[in-house]
Each structure stands twice: as structure tokens, then as C-alpha cells.
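Both complexes shown next keep chain A, but they swap its partner, so chain B is in the first and chain C is in the second.
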Partner chain A sequence: MADVALSRSSAITSRQSFLNPRRRRLITSVVLAAICILWVYPLVWMVSASFKSNSEIFAGGGLIPENPTFENFVRAWHEANIGAYFFNTLFVTVGSVLITTISAALMGYALGRRPFPGRAALFGLMLFTLFIPQGYTIIPVFELLSNLGLGQSLWGLMLATCGHSIVIFTLLFAGYFSQMPKELEEASRMDGVGPVKTFWYVMLPLSKPIIVTVVVMQTLQAWNDFLLPLVITLANPALRTLSVGIYSFRGEHFIDWGGMTAGSTITIVPVIILFLFLQRYFIDGLAGAVKG
Partner chain B sequence: MAGVKLTDIRKKFGAVEVIRGVDIEIREGEFCVFVGPSGCGKSTLLRMIAGLEDITAGSVEIGGHRVNDIDPSERGTAMVFQTYALYPHMTVSQNMGFGLRMNGVPKAEIAKRVAEAARILQIEPLLDRKPRQLSGGQRQRVAIGRAIVRDPQVFLFDEPLSNLDAELRVATRLEIAKLHGQLQGSTMIYVTHDQVEAMTLADRIVVLRDGRVEQMGEPMELYERPANLFVAGFIGSPKMNFIKLRAASNGGQPAAELPDGSRLTLSGAEADSVATLGVRADGLKHVDRDGVFTGEVTVVEQLGDAVFVYVRTSWDQEIVARFEPGAKVRVGERISFALGGRTHFFDADGRGLTGVTPGNTISEARLSA
Partner chain C sequence: MSATELHISHAPAATRQGLAARIWKSRIDYLFLVPGLLIFGAFIVWPLIASEYYSLLTWTGFGAAKKFVGLQNYRELLQDEFFLNAFKRSFLFTLATVPLQMFISLVFAILLNNKLLKLSTLFRTMIFLPVVTPVAVIAIVIALMLSPFNGPINGLLLDAGLFERAVDFLGSPQLVLWTLAGVFVWKWTGVTLIYWLAALQTVPDELYEAAKLDGVRTWQVTVFVVLPIIAPFAVVIGLISAIAALNVFPLIQSTTQGGPFFASEVMEVFIFRIAFAPSGGMVPQLGYASAAGVLFGLAVMILTIFQIVAVRRARRKDPANG
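Right, the complex of A and B next:
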């Protein structure tokens, strides 16, 4: 009996000595670093290629360009209209982020805090729309925009872009608002503050983590969206967004890899900057939403 | 300042009636405590006065005006919530001034009122902090401060001490009592389930049960002359002992029979309808012989200023008696008690009987002899 106990305790110590917390951290770091390299390498290659000429890209050199050149960027910005596409994308993104955030917060507030008949059914219906693939809705959306006279405008594209994830954002807000103590609203009601001011000055500032999450997610979505802008701008190249514009580097017989990588680099810079600024809030928001 | 008058107030949540016809008149400047077990409707009643709950029937008057259909903010009331309900993203001074700011009160006026409230509550050093940087007691003071800046006619407190630990609860209870003195003439309505808070703070206590008023009166009035079994059991700590009695007569004189068969002669107009004897721990006197009943000591609680002795009687009921400090009582010992203080008698419906007094006790041994 004593032997068994002894051998068990020695087994535990040997396992402990092999997987002590320091070593465990080290192993975790190595594994994560390996995954990170796999993940980041294509991006680094893309940035590196954007500084190389088309011939150098295929010469098989290292990641650091031998004769760094800005020619790709100049060509992409001016000749391939990436400059114009950049501002188109910016317009669509900023507009859709504003519309999405405000309307999702308002809808989430009503759904999360106001009991009204049919609320559960409405929730169910909204959830259901999450399961409809984008391919199904793209033609009706295009038809709808055309009927509204917005089929060939950036405003139409902006509106349509709002629809991608607004349901998820609304549910995120609803979940967050539903957990806020009702005494906050009651206290503000006793203070003589109306529902709109209560929403604006009390509830909305408290939902900052969710606002940041929604802003970041919608920005990424609008910025990177491809299928919807492709369909809407098909007949009007001047309205193209960056992702569609970059696709146009792919000619029938020739692909301008240098121009494409330069365009892609221009595209990802704002996204990276945004993420660096907001990542703390973003992670907090998601963690908060999951934790409940 | 103003009084509050509730007339035949009723509240239904769907088919369930939670307030069943309550009439209360709270005088101007009075500290009135609503007390009762959880689910008795005391918080609902308070929220109806505040305007946070609709009133199904009846009328609420504040300062002589019917306020049933008036917005909460215009009733002249301010509420302190159990959970404090401070806005987490605002500083203490912003929290206190929020309502005024939203209603267009000039900044200088807000600053003056916030400073005055902070002075009264001694929270001046905390004005720039956020609620999460405060302790529970400090948060509760800020919540009270938020009520004070509105300069209300009636303060409403909804179990304000329930989230505090025992020590802080006693300290804050004192603060609230002092505050009532400082805010001369302000009417305060305070909801609690803790009868000690009710006894210590109230000018008048309203005991509620199942949406009805069981009794209303000054603390000592409720303690000494409870209207029924419920109030008798609810007010006072430890709980009053209740002993079931059976009507009997002793040579033409009304008497009652204890569960062990001994008899207690009674006098008084309503002595015939006695069904329960109520006696508090300090109303039982330890005697060597000829007691009302005898029992075996099961637990001895030393409280320092008193000793509470729990005794199991021959009919298997646990009864508590108060002894002076230093009393030598051992567990397992058999001791006899006589009725040595105020006694309470109740009829079969639990209604308190007035004017009934106990006489001699005739033990079963003597009866059979």
C-alpha cells in the first residue's frame, strides 16, 4: 500500500518535473510561433513582392527585395485606379459602419430590454436569416437596389453592405443590454430622464465593448467584401471597391503580380492600423459577449 | 415636505393579486418602515409610490395631490435602490448631478447641490472617483446623495442595506437615522425584511403579509401589543414563544389547558376564546417549583449581555428563555418556568386578545390529587 502510494507520488513528481509550468509555457510558445509563421508568411511575401518588379518576383530571390521599387504602388494607385477604389471603399465602409452600429444598437436595445408581443418570434426569424447563404440573396438585393434607383451607386452598395452581419450585431447588443440591471433605467427614470436620453447617456456608453466589436467586425467585412461589390459594380467600373479593383489586375493573358501585391498592401494597411488601435477593446467585447 | 396617503391600493400581475387593498397614511416628516417576509409586496408597494409600477386600483397621494398618473420624476420622490444603481461610467459627482444636468439645471446650481449633498454624507474626497473604485458603503452613500440633490419631498429606500456586510449594515443604519435628523422634516419610506432595522429606524412600522397590512404602529407598540400571531412572531428577536392552549374551566373561572395537561387560570372579558399563549424570552422566569411548565435544556447561547436558553418541553416544543448574564445553566438540566413578564393571548384565528391576564397555574400533579 505504502509502495503504491510512493510510486504514484514519484510518477506525479516526474510528470511535474517534465511538464513544469515554465516548460509548458515554452512548448506553447513554440507551437504558437510555428502557426504564426504559417499564417503570416503569405502576408509578408505579399508585402515583399509589392516592392519587387514583376521579373524579380519570379526570379526566386529572398524576402528582401534586391532593387526595392515603388513603381508598383505608383502604377496601382494611378493607372489601375486603386486610389479611386480606396476612397470608394472608405466611403462604403465608414457609411455602413455608422448605419450598422447605430441601428444594431437601437434594435438590440429594444429586443434585449423591452418586452413586447412577438419578441421571441422576431428573435427566431432573425436567427433564421443567418442560415441563408449570401448567394441566395444577392440577386434579390440587387433587384431591390435597382428598384430603389440605387443599383448603380455607392449609396446602394453601402446600404447592401450593412445587411451582411447586422443580425449578429443586433443579437450581440441584445444579449449585452438584456444583462444590464433594470435599476439603471429606473434610476434614470426617477431622475426625470426620458428613454432616448437614457439610451444615449447611460446604456450606449456602457456598451462600449460591443460597439468596438461591431465597428471592427463591420469594418473588416465592408473593407474585404468581394461578391456584393463585384455584382453591383459590374456595369460601372468607376464604383469598384479595392477588392474588386485588385481582382482586375488579373488579365485574360497576363497577371500583373507586382501591381496586385502593391494594391493588396495598400488595402490591408488601414485594417492593420485599426486592429492595432482597437484590439484590446475588441478582445474584451468578444470575451464579454461569450462570458455573458 | 409632504405626507403620503395610500387608499385601497391594489396591484395585479396578470391574475395574481400581490397588493390586496392597502390603506396607509404616512405623516409629513415621518420615518415609516415597511417590513415583512419576502414576497409580501413591500417593495412593490414602494415602487408604486415611486411610480415605477402601475397602480391597478386605489389612489396614491403625495402632499395632498393624487399622483397615480404622474410621471415618477414629477412626484417629488427620490429612490435609493438595493443595488445602488449607480451609473458605472460616471464619476460620483456626475452620478449625483446626472438627473439635474439632463433636466437643464444650470451648472453652477448643480455644483452647489452636489457639494452640499457630499458635505452631508461626508463623501467630498470621493467626488472624482468612479463607482467601481468605491466600497459598498461608499456606493450606498453616493446613491443616497443622488437622492438628496433632487431635494425630494419623500425619500424611498428599497432595502438599502441588504448588500452590505453585517458590520457596515449597522454603521450605515446609524447614518441613515442621523440623516433623517439632518434633513429636517423630510418624509422617508424604507423597505426592509429585517425587523431589527425596522425597530431601530422607524417612527412607525407597517407590517405587511401577502399584500395586506397586518399592523401599523410605533415600534414599541408593535412589540408590546401585537395585533396578531404573525406580528407577534415577526417583531422581536428571538422570536416569541407560542404555546397552544385548550379551553378549560376551573371551578367556574375561565382557564386554559397547556399541552402537558396543567391549567392556567385566566381573567378578562375575552378569556374564553384564548387559543394560544405568546410569551417572549424575557417573559419567562426560572422558578424552582410551581412553574407553568418544565423542560430540558438543549442549547445555551452566551451573548455576553444575556444568555438565551433553549428548552425542550414535555410536549416536544422548543422554547427560548432569557437569563441574566452569568446564569449557570447546563445542557440536559431540567428547569421550570413561570410567566414572569408580559404575556400575549391569541384566539383560534390568531387575533390578539386584549385584557386577558393569567392567574395561578395548577400543575397536572395537583389536578389529579
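Right, the complex of A and C next:
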């Protein structure tokens, strides 16, 4: 609409004054700012509701609570067990990030740089499985964990969470390692250093950008994961993660919106802080998926 | 690990002595693969194979006995209205969300790609926030926002006089799938935006400058120069978005659980219900659910292959990317 109005008036008056780039940038900024504020409004509204009493939430007041209260947080943390779920999620996230990053870096190094027999076949198999829906694999995954005695444990959840994106992460590492100059390995071979040491002392430190990307992406994935923790904790509520905890909270205390929004705020604050500080790496990782 | 042993144990029998020697020479490389292959094998390759086998069984719970029944599950599925509807809904949902999401994010990307726009990083971050928010939280936010009882959005619609009565966005069987499609687009546009921005990075700056010198308007540059250059990326972005839209389980399970009256039950919600959350005194039917999963996985795979062929073709047409 604005564009139409602009171009029409520019036809009548001097084109320069209306379409000068600075003015147009200003208009773009204002329109974008309005849209973006609307875009995040629901989340801001939720955080604001977590500081309101249950009666105030639906009273139609503004974003700033009239009588700010922390009661919702106390209730959510203790009565709804959000505190325990927080530490469950932290445990699963940290463990799966460690395992995934190390495994993907090792496998990516071999795939990206070492010409071992069977390499092309492994590449092909990985690409083939890139888009398998989770609904396809969840039953065997749960059966496997149960047979290993891990069907009702956070360790099982942690291991299975590693499987989600290991293929993508391995391909990211492989792509990165394969672009490094050949001289790196030749130099270390001359010095009599084996592949393990070369990997550990030369390659890994050089791949820091990919490591950070993988850590950030896997953290978000593990923290926000839903189907797998839901299935694993169906019979064992004490093991719930925050995502499943918030989901069950809604089923059990369906009128306590204050508690729910407080629990939600506790859930999103760590990931949002992580994202704000490290978004460059996350965005680089995503962008790599399209370019590759 | 099994792959390593396999190679080594078969190696002496191999007629080409060279292969065995090469494998033995690469033995350290296989060590690098061990942790990754264990995870990949256990949680990706094994489930792929096991699902096919499970789909041929009657199996009523993880502790229960398995009974081989051949293709009976598949025959029943093809006559199961719940399955067929869920299947249809999954693809309908994808058809509704992917073009919308790609269009909105493309517009954002073109606006934000302007290097002189000072706040563009801030705007990008804001659009991205719903992406990093867990779906369980999104479910609570939208239940509040869209509540027919004093929810802010209904308040706005009523105040504006657009509707006489509050709209029950999530409670109406006619509306629910479309409401969720809108929420889905809101949540995931940030990711597609990053994809488009990456695609726009491949457009050389000189093109914009040359066009400016020739007195060509910005929108003309965008439509006639920039869009054709980034068009090949559209197929990849479309594929990734379509796969994401087919995996919409978390959003739907946490908002409506497939309801009301199954009106938002997509494929994975159906599988979850049959396998893990049977209602009304039914037993879990793991074989039946596996068969549904296999059919769904096959459909996704066919879609993927179809699109990969399209990607290849698009790249071949464009010499810049060839």
C-alpha cells in the first residue's frame, strides 16, 4: 500500500525528494519496527503475565503489571516441579551437546579428510537418512532404549537426543575440514605426528566456528525437544524436561495461567540469552545448510 | 563398530589384495568413526530397518508378545478413515504453510538485506525469537492470546467490530488447522528468513551499483535481477520447509492434541495416539502405528527425491551455480 502511494505521488512531484534513499530507509525502518513489535508481542505479553496475579491476567490491563508479584514463579518452581524439570533438562542438554559435538567432529574429520574405503557409501547412507521424520523412528528408538534398560532414564533420553541432528552436524564438520589446506597434515606427518594428534592439536582448534555452531544448535534442539522426552517420561513424571513439564502443567493445572506463564518464562530465558549472545554462530550454521 | 569389523573380517577373502591393505592402512580412520557410527546406527539406521519389521506385526504394547501378520496392518490402514484423513491433513498443512512462510520471509529478507538499514540485525533477532521458543511455551502463549474468553486478539477483533461474537480459533473444527498453520508460520518464518538472507549473499554488490547508475528503480532490480539469481535456492528452501511442516507433531500435540474431534490430527499425532496414548480402553497398537510411520516416511522420501531432482535441474540451468 505504502509503495503504491509513494510511487504515485512521486510521479506527480519531483521524484528525488520522495524517493531519496534515506527517506525510504526511514519509512522501511518504521514499518519493519511496527511489524517486529507485533511479531514478538505475544512473547512479551506472556512474560508480563508471569508477573501478574491470575485475576489480573484476563483483566485486559497493559503490559506493565499493576501489582508485580513473584508468587507465580515460587509456585511453579516448587509445586509444579519446574525446578526439578529445569535440572533434568540441563543434564540432558549438557550431556547430549558433549557427546554429539565430539562424535560429529571425529566422524566429520574422517569423512572430510581421510580417504578410507567405504567413505562414499557412508556419505550416501547419511544423506539418505537426512529427512526421515521422527514419527517413523520413535517406536524402535523407545524399544531399543527399553531393551538397554534405559527406557525410563535421563541417560537414555540424553543418548537418543544425540541422534536427532548428528548427520547434519557431521556433514557440517566434514565440509569444513575438507576445505582446509593439505599442507596442515603433510607438515604434521613430516614431524612424525599421527592422525589422532593431528586431529586433536591442529584440526580441532581450527574448527572452533563449527564447534560453537554445533554446540548452539544442539543446545537449542535438546532444550526444546518434545516428542522423545514426552514418550520417555510418559510413565515417569519425575524425569520430565521443561518442555514436557510445561505441557503437563497445562493438563493438570489448566486454570493457573500465572503459574504456567511463570514456568514458560523460566523455560525460555536461558535459551533466549544463549541465542542473543551466540546468534551469529547459529545463523551461520543454518545458512550453511542452504549453501551446501 | 560393526561396519569396521565387517570390513576387516571380509578383507582377507577379498580377491583384490589392495582393498585389504587399504583397509588395514586406514584402521585409525575407522576409530574416528566409532562414537558417531554408534549413535547413527542405533538411533537412525536401526529404527529405519526395525520400523519396517514392526509394521508386519500385531504388537500390543512394549512388554507384549509380537505376532507376525504380514501386510495386514497396511491393508487395514488403507481403509482406516482416521489414517487417511491424518495423511491428507499433513500434506494440506504443508501446502498451506510452505508458500506463505516462504513468501513472508522473502519479503523480510529483501528488506533486511539493505546494508544501510541500521536496525536490520535487531529486526532479524526479533523475527527469530519464536524459533528458539519451545513449542510447549508457544502453546500456552497462543492459548492465552487466542482465548475466546477475554483473550487479547478476540478483544481487538470485537473492539474493531469485525465480529459480533468471540472466535474460538482453537476450539472450532473448521478453523483449528488453519489457526495452527498461522501459528506455525509465525514460529518458523525466522529460519526461512535466514535461508533467504544466505541466498541473497550470493548476489554480487556490483549488480546493485550498476543498476543504480543506470537509473533503474530498486523494485525493478529486485524483481528482474535479484529474484532470478536466488530462484534456484527456492527449491532447497522449499524442501527444508516442507519437511519441517510435515514434522509438526510438537506444535499440534501441545496445543490441541489433534482435537477438537480429530480436526487437527496430522500423521505424527495419529502415530503417537495409536502407539502411546490410546483412548477409550484401547490397547497400544505398535505394529499398526509402525506401518503408518513407514507409509508416511515413504511419502516424505518420495517428496524429497522429487525435490532433489528439481534442485539438480535448477542448478544445471543456472551456470553461476553449476
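Structural remarks
In the analysis below, the second predicted complex is superposed on the first by the 243 of 292 C-alpha atoms of A that agree within 3 Å, B and C clash if a C-alpha of one lies under 4 Å from a C-alpha of the other, contacts with A are read in each partner's own complex, and residues count from 1 in each chain.
Simple rule for what comes next: a contact is a pair of C-beta atoms (placed from the backbone, for glycine too) under 8 Å apart; a residue touches a chain by one contact, two chains touch by 3 or more.
Fair warning: this is a prediction, and the values are worked out from it, not measured in the lab.
Of the two partner chains, neither chain B nor chain C is touched by A:N20. After superposition on the shared chain, chain A has more residues touched by C, the comparison being chain B against chain C. In the superposition on chain A, contact of A:L184 is made with chain B only, not with chain C. Once chain A of one complex is fitted onto chain A of the other, the partner contacts of A:G192 are limited to chain B, with no touch recorded for chain C. With both structures placed on the common chain, the touch criterion links A:N236 to neither chain B nor chain C. In the superposition on chain A, A:L32 makes contact with chain C only, not with chain B. By the touch criterion stated above, A:P205 is placed in contact with chain B alone, chain C being left untouched. Overlap of the chain B and chain C interfaces on chain A comprises no residues. Remark: chain B residues 50-52, 71-74, 77-79, 81-89, 98-99, 102-103, 146, 150 touch chain A in the complex. Interface of chain A with chain B (complex): residues 181, 183-184, 186-193, 197, 201-202, 205-206. Those residues of chain A lying in contact with chain C across their complex are 3, 19, 21, 24-25, 28-29, 32-33, 36-37, 39-40, 42-43, 45-46, 49, 57-58, 60, 99-100, 102-104, 106-107, 109-110, 114-118, 122, 125-126, 129-144, 146, 151, 159-160, 162-163, 166-167, 170, 194-196, 199, 220, 223-224, 226-227, 230-231, 234, 242-247, 250, 257, 260-261, 264, 267-268, 271-272, 275-276, 279, 283, 286-287, 289-291.
Across the complex, chain A is touched by residues 3, 7, 19, 22-23, 26, 28-40, 42-48, 50-51, 54, 62, 108, 111-112, 114, 116-119, 122-123, 125-130, 132-137, 139-145, 147, 149-150, 152, 155, 186, 191, 194-195, 197-199, 201-202, 217-219, 233, 236-237, 240, 243, 246-247, 249-250, 253-254, 267-268, 271-272, 275-277, 286, 289-290, 293-294, 296-297, 300-301, 304 of chain C.
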